[in-house]
Amino acid sequence: MSSWLPSLITETPEQGYEMAVKLARVAVKMTQPDDEARSRMRPEYAEDAEALIAVSQVVATHFATVAAANDYWR
Amino acid sequence: MSSWLPSLITETPEQGYEMAVKLARVAVKMTQPDDEARSRMRPEYAEDAEALIAVSQVVATHFATVAAANDYWR
Amino acid sequence: MSSWLPSLITETPEQGYEMAVKLARVAVKMTQPDDEARSRMRPEYAEDAEALIAVSQVVATHFATVAAANDYWR
Amino acid sequence: MSSWLPSLITETPEQGYEMAVKLARVAVKMTQPDDEARSRMRPEYAEDAEALIAVSQVVATHFATVAAANDYWR
Amino acid sequence: MSSWLPSLITETPEQGYEMAVKLARVAVKMTQPDDEARSRMRPEYAEDAEALIAVSQVVATHFATVAAANDYWR
Amino acid sequence: MSSWLPSLITETPEQGYEMAVKLARVAVKMTQPDDEARSRMRPEYAEDAEALIAVSQVVATHFATVAAANDYWR
């Protein structure tokens, strides 16, 4: 059985950032599992600067976790 | 007597993420223990992009804790 | 003289979570010490999904601290 | 010359929490140094649940710092 | 193939801060990849104090990560 | 060439707090570099309790970083 999150380890910081974006999206999906409902909201928040900044904040929080997990790719 | 949170240790990152989602929900339940009141709110915030992003932010904060507790499943 | 916060150490993660909820509430009390004023607000925010999510965010931040203090109950 | 913040070390968690409350207030004072302006705002936000929760969030962030500084009073 | 984020290591704190600003922007770009849509929003949020403070919050979160990655440039 | 941020090390916690305030402001400046635009916004948010609390939140996040960089001035 495959997992959407088998590990927090990535090869590069860039991949770590992409994982952070994914981690931010999954919680939205879990709270609103209806694909159509999410699609209806997309045009709305994608034109809303405050919503985009809020998304970026969630990504920043997850990126901190992924970066620590990878010992900052040092 | 069983606990809803016997431990922060999980076998996989995915289970850790699910624990983070649960940790985010329990505080809402403790602040608004009335099941009906919470049910009334659900359709509202489940269609509200900003509320969904805010939920995702809470999950991100808890995921950081759970991930650290599990030494990032390294 | 008794303290409302003699220690951050708890026996279980669940008690740590309860401490986080308490830590979140005390700052509200310190900023608005009038019991009646807080009671007037309660029905309002207890029906407001965004306020409940914001409370959950504060709890998440305190839970991170309490969990670290307890070395994640490992 | 005395300092409003000579050290982050406190004797007890409770004093650490009080320091966190103070740390949250000073930034407001530095951004709005006019005492009268701040007094005008007080009745407003002290009756606003969302503002009180936001204050509690700032306190939580500072408490994390003060708690770490004190090695969690362990 | 070049990466937009080959490493979190910077020579100076100032460069680390600039990286944090960049990290904050990329998530916005990934969520709203349409350049024109983002340009339309810019005048709006650049005149909105709350949006600017929210951007600063995201930068602060990323700066914490970059600073830790660089062992605080000590 | 001088830098606005040569180091995160400060002699005292109070100076560290002032650095945190500065770190919070620079991101606003970088996002809205027009001095006049920022001046227009100032009277507005300086009278807005929620904006002041949001500024305080950003300062709290940066203070955590600066405090860690200075090993909490222990």
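Chains here go by letter, A, B, C, D, E and F, matching the order in which they are written, and residues are numbered from 1 within each.
In the analysis below, a contact is a pair of C-beta atoms (placed from the backbone, for glycine too) under 8 Å apart; a residue touches a chain by one contact, two chains touch by 3 or more.
What you are looking at is a predicted structure, and each value in this text was computed from that prediction instead of being measured.
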- Message: Starting at subunit A, how many touching-chain steps does it take at least to reach subunit F?
- Response: 2
- Touching both subunit A and subunit B we find none
- Message: Just to be sure I understand the contacts, which chains border both subunit C and subunit B?
- Response: none
- By CA centroid distance, what chain is farthest from subunit C? E
- What chain is the most remote from subunit B, judged by the mean position of CA atoms in each chain? F
- Note on the structure: Superposing the Cα trace of subunit B on that of its twin subunit F calls for a rotation in degrees, to the nearest 5, of 180
- Query: Centre to centre, by mean C-alpha position, how many angstrom separate subunit A and subunit E?
  - Reply: 15
- Chain centres from averaged Cα atoms put subunit D and subunit E apart, in whole Å, by 27
- Note on the structure: The positions of subunit A in contact with two or more other chains are 24, 48, 50, 54-55, 57, 61, 64, 68
- Does the chain-touch network form a line, ring, star, complete graph or other? ring
- How do the chains line up around the ring if the path leaves subunit E toward subunit F? E, F, D, C, B, A
- Message: Help me check something: in the complex, which residues belonging to subunit B touch subunit C?
- Response: 3-9, 23-28, 30-32, 34, 37, 40-41, 44-45, 48, 50-51, 54-55, 57-58, 61-62, 64-65, 68-69
- Can you check the complex and tell me which residues of subunit F touch subunit D? 12-14, 17, 20-21, 24, 46-50, 52-57, 59-61, 63-64, 67-68, 72-74
